[in-house]
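What follows is a set of structures for review.
Shared between the two complexes below is chain A, which pairs with chain B and chain C, respectively.
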Partner chain A sequence: MKEQGFRGRLIRLVTFLAGVYFFLEFLLPKSVLEAAGVADLHDEISNGFIVVGTMAFGLGIINLFRVHGTRVVFRRRDWLYSAALLSGLVLMMTVTGQDWLNSLSVTERNRECRHLGKFAEVIVEDSTNGREDVPPRTYRINKLHEAVEVTIKNISLEHEKAIKTLSQSLEEVSLVRLQELTKELNEAILLTDGITADDLAADEQILLLGRRITEVGVIFEKILRIQYEHSTGNKLYLFFFEGLFVSLGSAMFSLLGVYIASAAYRAFRIRSVESLLMMLAAVVVMLGQISFYEYVSEDLPNIRQWLLEVPNTAAFRAIKIGAMIAGLVMAFRMWFSIESESFSSRRGQ
Partner chain B sequence: MGVEHSTPGLLLLLIAFLGPVIVLIRRAAAGKSIFIRRIPGVDAVNEAVGRAAELGRPISFTTGLTSVSPVLYACLGVLSYVAYRAARFRSRLLVPQYNPEAMAIVENAVRDSYREARRISAFDPQSIMFLSESQFAFASGYMGLMHREKVGSAFLFGYFAAESLILAEAGQQVGAMQVAASVSPEQVPFFICTADYTLIGEELYASSAYLSREPVQLGSLAGQDVAKLIFVILIIAGVLIATWNSVFPDAQIINIEAILRYQWVELFSFFGISGDGS
Partner chain C sequence: MKSASTLFNIIDTLEKKEDQIALLALDFGPNTKAENEPQAEVIIEHLFRKRIPFALFTLYAPGEGFLKSIPDRVVERLAQEDSSYQFEYGVDWVNLGYRPGNALFLQSVAKSKDLRAELEKDIFGTPLKNTPIFQRIMTIRQVSFLGQFTGLVGVFDSYVQFFQQEGFIPTFGHGCTSITIPEAYIYLDSGQLNGLLEGIAGAAWYSKLLKDKYPKRPNDKALVTNTALGVAHLMIIFLIIIGNLREVYRWYQRRMVKEGAAI
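Now for the complex of A and B:
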């Protein structure tokens, strides 16, 4: 591959520096990394690499549209399959996107309640520590109380709406669960409402308000989750993902059973001494695995175990050691950009 | 050994492994000849490309579930060679892809090979096709492709998991000549049963050097052999030391694992330096 001036040099430099960083990060003892302040930054640096990597994900989708879109537009051979694939892609993206948005809305109110609970803790903490760079305590307490009231009102309204739609479509088990949660929610709302603005002079009452509004949020999220699980969006998602995609994946996996049999037939035809040895080893391992091995020999399970643990493991380790050393050398060549010149060289031809 | 951070022993081991590689790369670059033994599976690459050209059927090359990693770069060496030959013989090359990141790199490597073969006009970007990032959806797409295109030769190079047999059987069904290479030992038996030629483990890395005869690759391949020799010596030494220690418990010799586990902090304190290296 010919060097492309500045761009090529820049790529080599970035590759080299990234390699130096990870090499030193692995090489140097933890204490030195901590003293240099690198240990704290390591996660962020690693995340940065992941972010760069994720940019490539769009490439797959672009390629799918380019390859199959062209086939559909120009009505090339098997264009109907491509149209089916692209329709499936668009449909799945829409359904998944909608499902994701729905699942986000389930947790939204709970998050709001948790923030209020946290706010109550912060008010008490700040006043205990005597912080002066924050608004006055009474002002913050009033704001907290107002926010709690508004949130409770919104939750009550949304809850009423959810009950109306859900009670018609739920089966008995879920309906009982919904009624229990509704009872719990009403009790929690009553208890939260029971704390008036005047009660909030004491720290314990502020913390209690915080805990109760958090509890309201948790219960309401459970109700919304029932609503979400019975929503058309979620049902569609489950139908396409678990009903079709996962089932088709399992069907593909099950093909392995058939293919193993046909591959075994080819492999076990005795054509040489090696295949005879392989056949004998396979017979011993298979007979040692089954329950009526004792009719053949009591020692079969032990021989099977020995075959798997000694010769088989030795061969596995040999392959792994060779591959690891080769991988290490390849990584070294990539680090120093020695590899980049290799792909296009045809001197051997 | 499960190390999160290196120890001085590991650094020494790294130098011992990479030292010969650097020396031999330099020797190869200086024009000194380096002997590489024949690998039948790699010889079969030319045969498979030629067979597809004779039959007038396409060639497929998949890197399986390989992501951007040293394994991918090892595969790219062979892919470039196959793409170059396919371009010269005017054969269609299909490269089904699983990983979008790897796909971008693969596309560039294939394009470069077509350019080098002076057949850039024959390069079809649509032949590098993204199938799916789901293992079995990818396998299903690959099977469909093999059957639809009646592939003449199939190359399966890289990292494979449970789908390996599904992919290789699809090739068998259409009568394709198959050359497979995997660094995952668990999948090697499947390929041996199904493919015509199988490269085992490190042979995948060696294949690129063998095909291109490029000095850097030849040198590093020879260097790997020296590194393996060091590994074998260490294994034998480890066995001897362990045997000695069990036979003569009163005259213990420090074993290799203890040397490798010797920490930096211990080394620092040996030289009178505090734990933070100051």
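Now for the complex of A and C:
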């Protein structure tokens, strides 16, 4: 009981402080926030709140497993539906996770090449500035050259493998694009290989090597992207997302159309002058929106436009202001934890 | 359709500049895909044709798949129409993926002094400072156009409220579902919204304007879907009339029975 009371007070305090922070951050001038040192930290604080909000994803998944997992394990009523839900969840998470990892691997080599390009710039910069707390220039140049050679070799091997897999499965447009990129990559690799270790005495040659290896990485990433788009993992993800999730979601909401048609016949009754006016307005707006309105009247779009711009705008503004005031009151109630029955010490009494 | 024509003119007069970018937020999922997807598609197509570089993101997790499928589909369609329409990821468009945080994210983007550091990476993990499209983009003042497509309640308001800086509000185009048109009109009237696509009808009108400007462009499904929707509207009106006539008939019958009983 005591612990619940302490927990409740702690939650109320944190809620209040968080509300005070954002309230003041919004109202106070920028100069005051900068003087308080808050302006620089605001991004990190916002990111922290976003992270907390994102934890809801994890909590939701845990809760799903608890509720439905229990039903499956103890074979409770409708446990088959729970099993179907959990299987779908696990399957989709696996497929999406694998697709995400595959997409990250597309940029891996490019990242490596970019680092080498950056390293070349840093060698020249440190040399120009006479920096002493770094290894000797010759040593760094040799390491750069070795790393570039190894990277080029790995890229060439991976490129060969990619070409073998893709050549058989690509449609004509992508095949042509792949051939163009292969030609560009081979030219870039030749130019990069053309710079020997002896050439790297001059700063311009080091920077040139850096630029060339960066270019190799950029071109290779484009080839890997084509490979990723035609990979089994990506096709599987597209099947589950576009083929199942999007299609089933659209189908589910399109069922509402049937209910609306049914409600139009059963429930839309004109019982007063107000409902008659509302029905007339609805009919005019609907007819003004269809593509064959001219068969009814040429003026329908103009009448519709007037209805939306004048009476609708006036009425909706009033509704919006009312809703926002209600939202403000609700926000104050949540800020002061008046809506906090779930962790109140009066729970269960 | 006035609002769609206005939006078309806005995008048609945009010019490609090295230090400017368009931002598109595809905050919709499968439930409102039927209306929002054609809207996003026509706007993306127009931006591609004008060679305006743009970045896509979403605040709604189920919408992430559309960030990839829609531009890929448009690129393929444009390449088939005319082989000179070649577009490159990272140069002509970039996919920023799902961004959690809703209003907090929008606020941090609006206040950011370096968008590349704020947004960090694209969906493939490439740092934005290494993508050609973001080379010279620092703040939202360089956002030439903000397009937002959603059927969700409360999301669009956050953009109007937070996506701005002192002395700067980006040109804002919105694609909404038919049910949220009355709500969007109040912002159109106040000038907080510069252009509006009113459901699938707006997308169909925009598609027609694109077809008028680019005659080689084939008709797309927005026109077909809008025609089907028109038939559905007529069906609803017919059912309402029939239902009310039935009610009048039943009232008349009850009255006759009462008069008969009185006699």
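Methods note: the second predicted complex is superposed on the first by the 278 of 349 C-alpha atoms of A that agree within 3 Å, B and C clash if a C-alpha of one lies under 4 Å from a C-alpha of the other, contacts with A are read in each partner's own complex, and residues count from 1 in each chain.
Keep this in mind: a residue touches a chain if its C-beta (ideal position, glycine included) is under 8 Å from a C-beta of that chain, and two chains touch if they have at least 3 such contacts.
Just so you know, these numbers come straight off a predicted model, no measurement behind them.
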Partner chain(s) touched by A:L28 [first = chain B, second = chain C, both, neither]: first
Touched partner set for A:Q98, first chain B, second chain C, both or neither: neither
Chain B versus chain C as contact partner of A:V67, first or second or both or neither: first
First (chain B), second (chain C), both or neither touched by A:R114: second
Contacts of A:M334 with chain B and chain C, given as first, second, both or neither: first
Touching partner for A:I325 - first (chain B), second (chain C), both, neither: first
Partner chain(s) touched by A:G53 [first = chain B, second = chain C, both, neither]: both
Partner chain in contact with A:L255 - chain B first, chain C second, else both or neither: first
Touching partner for A:F316 - first (chain B), second (chain C), both, neither: both
Shared chain A contacts, counted only where both chain B and chain C touch the same residue: 53, 245, 248-249, 252-253, 260, 264, 266-267, 316, 320
Contact footprint of chain C on chain A as seen in their complex: 42-43, 46-47, 49-50, 53-54, 103-104, 106-107, 110-111, 114, 173, 221-222, 225, 238, 241-242, 245-250, 252-254, 257, 260-261, 264-270, 279, 283, 286-287, 289-292, 301, 305, 308-309, 312-313, 316-317, 320
Complex contact set, residues of chain C against chain A: 1-2, 29-34, 62, 65, 69, 76, 79, 88-89, 100-101, 104-105, 107-108, 111-112, 118, 123-126, 130, 178, 181-183, 185-186, 189, 198-199, 201, 204, 223, 226-227, 229-230, 232-237, 239-240, 242-244, 247
Interface residues, chain B side, partner chain A - complex: 5-6, 11, 14, 17-18, 21, 25, 68-71, 73-74, 76-77, 80, 84, 97, 100-101, 103-104, 109, 112-113, 116, 125-126, 128-130, 133-137, 139-140, 148, 162-163, 165-166, 168-169, 172, 183, 185, 188-190, 192-194, 200-202, 204-206, 208, 211-214, 216-217, 220, 223-224, 227-228, 231, 263-265, 268, 275-278
Complex contact set, residues of chain A against chain B: 1, 26-32, 34-35, 53, 56-60, 63-64, 66-67, 70, 78, 245, 248-249, 252-253, 255-256, 259-260, 262-264, 266-267, 315-316, 318-323, 325-334, 338-339, 341-349
